[in-house]
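My questions will all concern the structure given below.
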């Protein structure tokens, strides 16, 4: 039956994409091949290191309700209207006390903002902080378990845009009368906006500003440190089986690499996620960042690949593993991830190493 | 059901512009029994098809008791005329009595299905043909001969007064060939059923059928008693065989 | 009196045993099946991944369905029982009816035991329609029915229409040629689907989940639109048991038995396609039901469509309702996986046990 053939093909693609997709559960829709309607990134990915815009761009933000001085009487801020990445206006009648977060990034953000005690549910793959794993998981690979979600009686659900949470599931939850705020950050600065947005939603605007400021400071530390250094051609290896998966132009990782003082090598086409080895050889990366190190791929494996020896990065042993989770998850640890990425690109840079670094590929 | 007289007036069959059969005139009286003979491709099956209406375009007129076949409704036609295929294929397990019961489809209520009269007709048909002992058996397990008898029982259950058969004895062993022939003779002589059968076996036809129709190259070239039709010259011409073989056939009459 | 034929060599087989007894009692089988359906319905509403006291479940149903006064239960309980579980079980059972009837119809029309509802390209057409809808950055929901549902329905229907036209245009009117054309068109659509999936980017996961089949997004609007469609198609099929019976010996014989084969074939094809399209629009591609349920029923009661069709419908509903329940108790397994895991071994066992019935 032809459909069996398709399922076979799909299975192959999916298993292959697991390398590429596995990072997805960490919270980052890495590739955004289709321009998301409501939030075509207003920050161009090619921004040079330096200013990371601190004002909220038009991507996502409150449209009505109190926007200034969140420091005054937070509770009086409700009812509150917010607009998520999908363009839908979400109205919160009161301070959310039972929040369900469906993406690893938003879960991390909630706990970082001190709203972890008001979080009652998470996505099955949300793994940080450790306290979060105690919460019941209501969203798995196949979608949201609506029964379990409804049983938690949430008054706010945080979902992932750009198909991270299936739009059909988001729609269904809204049909059941539960407000769903959709978040999606295609760039570093957009992540800061998301943190502010969530802070607004759950009445922790003060903590959000603080977190944003801290992250901004760390990011500034990084961008300052690499400002004077030469931009190196960086290839971020997202996955290596069965094809080499690379960042698409305009993607989140490309943005991060730019901020970290590198020149990202991309697939050249926003809809393409793999790169041919010949092309990679031609583009000749000076640094190879091993993003799939957590899945057992180490620099020695990369160096041993046939045909890769001609690359500058391999010749100079500039192949470095990173904790892909913190580098790509659009959450509170992203600034640390930026630091880790920058150190992988410029080990000589004056950047404090990230706290809790993962032991990857002990050699 | 009344007896049926079958009349063909200038009947032919065409596929597009190609005429495979033309200008057949013939009358089969009620209770008469005739066999259609001829070499392969001569048009025997085409003649049957022209009567039953299948593939191809019918030329001329086919009349049942004087009424053109086109004017008789499909269902009414099925109640009077049964077409017995020479070979049947069944894709699913099907029991003998279930196959015979298919013959009642033209009679049974479209929604409610078979009524007691239909069940009785099925039983009677199986007994008439002599296959009642096969009840409960899967049709695909039967020998070809037994199967052909069961298919005949289906036609009998249909209550048809006109039986059209397309090579009913192909691949059957002699025992069953005889059984089929005897049954057809019985049906026409005792029950008055009009029978027209395409046969390939000349000896069998000669023995069991009082009237033979010889078809050659799309035309009816002979129609009458076996001795008349199976004359040496005509047979040699039609079948392209010589005298010595004819003698064998002539001797088969026994 | 048999006309000169001696009794056939083989002696008649007297069949005893439970299966034979069941075969003679189709009405009893029907009632047993309906009771099973009622049980599946009850369990499906009472059980789920969240535990709800039975008293509350009954209370919610009485309240929402018959206007009984509400006793105190959490609002989430009412939502779960009435907005999530009830429409879901009803959808699963309706889809079970539809797929089983469509499967029986295609098996009868095509005279092929391997036929299932998807054999004429419906699966590939629906999947392609759904995949395109999921990839396009357009979210449209009208009356609770999304673009994906409509797209899948249209895709399935169009695929069959194309197949039928192509088969007829090729000058081959027989159902065998329709089957072969269906296979070819289905393969072509499957290739297109693979391409769409390759280009789909982030929606790949969603498309994959759709291919596995799921009732997770069932809702009342879907039920209110899908159920009548399935009922309509199913009724048309059930009323044409006679046609399927006549087809047992082939189209030519069916014509000789007095049926307008061309017309009836088209009507049955249309009804079966309608039902299948509605089913895949609601739940994605659930395999096995349309193939196995009619076979299982046929093994017990034989190929007579007058018993085969209604019993297939009833047991199809029970089977899929039960499969969905099994799929959602441990979390959210794709229901297509459950139907295959449960159905395949059971079917193999039955084939072995009753090998004689299939003359294997």
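As written, the chain order gives the labels A, B and C, with residue 1 at the start of each chain.
As a convention for this text, a contact is a pair of C-beta atoms (placed from the backbone, for glycine too) under 8 Å apart; a residue touches a chain by one contact, two chains touch by 3 or more.
Because the structure is predicted, anything quoted here is derived from the model rather than measured.
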- Note on the structure: argmin over chains of |mean CA - global mean CA| returns C
- Query: Computing the C-alpha centre of each chain, which chain sits at the greatest distance from subunit B?
  - Reply: A
- Message: Report the inter-centroid distance (CA atoms only) between subunit B and subunit C in whole Å.
- Response: 41
- What is the distance, in whole Å, between the centres of subunit A and subunit B, each centre taken as the mean of its C-alpha atoms? 79
- Message: Going by the contact rule already set, what residues in subunit A reach two or more other chains?
- Response: none
- Item | Multi-chain contact residues (two or more partners), subunit B | none
- Would you please write down the residue numbers of subunit C that are in contact with two or more other chains? none
- Query: If you look only at subunit A, which of its residues touch subunit C in the complex?
  - Reply: 1-3, 5-7, 9-10, 13-14, 17, 21, 29, 31-37, 86, 140-148, 150-153, 162-164, 166-169, 171-172, 175-177, 271, 273
- Quick one: in the complex, what on subunit B touches subunit C? 52, 54, 74-79, 81-83, 85, 88-95, 98-99, 102-103, 105-106, 108, 110-111, 113, 127-131, 133-138, 140-143, 146, 149, 158, 178-179, 182-183, 185-186
- Query: Can you list the residues on subunit C that touch subunit B in the complex?
  - Reply: 1-5, 7-8, 10-15, 107, 111-113, 239, 241-242, 245-246, 248-250, 252-253, 255-260, 298-299, 302-304, 306, 356-359
- Touching subunit A in the complex, subunit C uses residues 48-50, 74-76, 79-80, 83-85, 118-119, 123-124, 127, 135, 137, 139, 141, 144, 146, 148, 183, 186-187, 189-190, 193-194, 197-199, 201-209, 211-212, 214, 216-217, 219, 285, 287, 328, 331-334
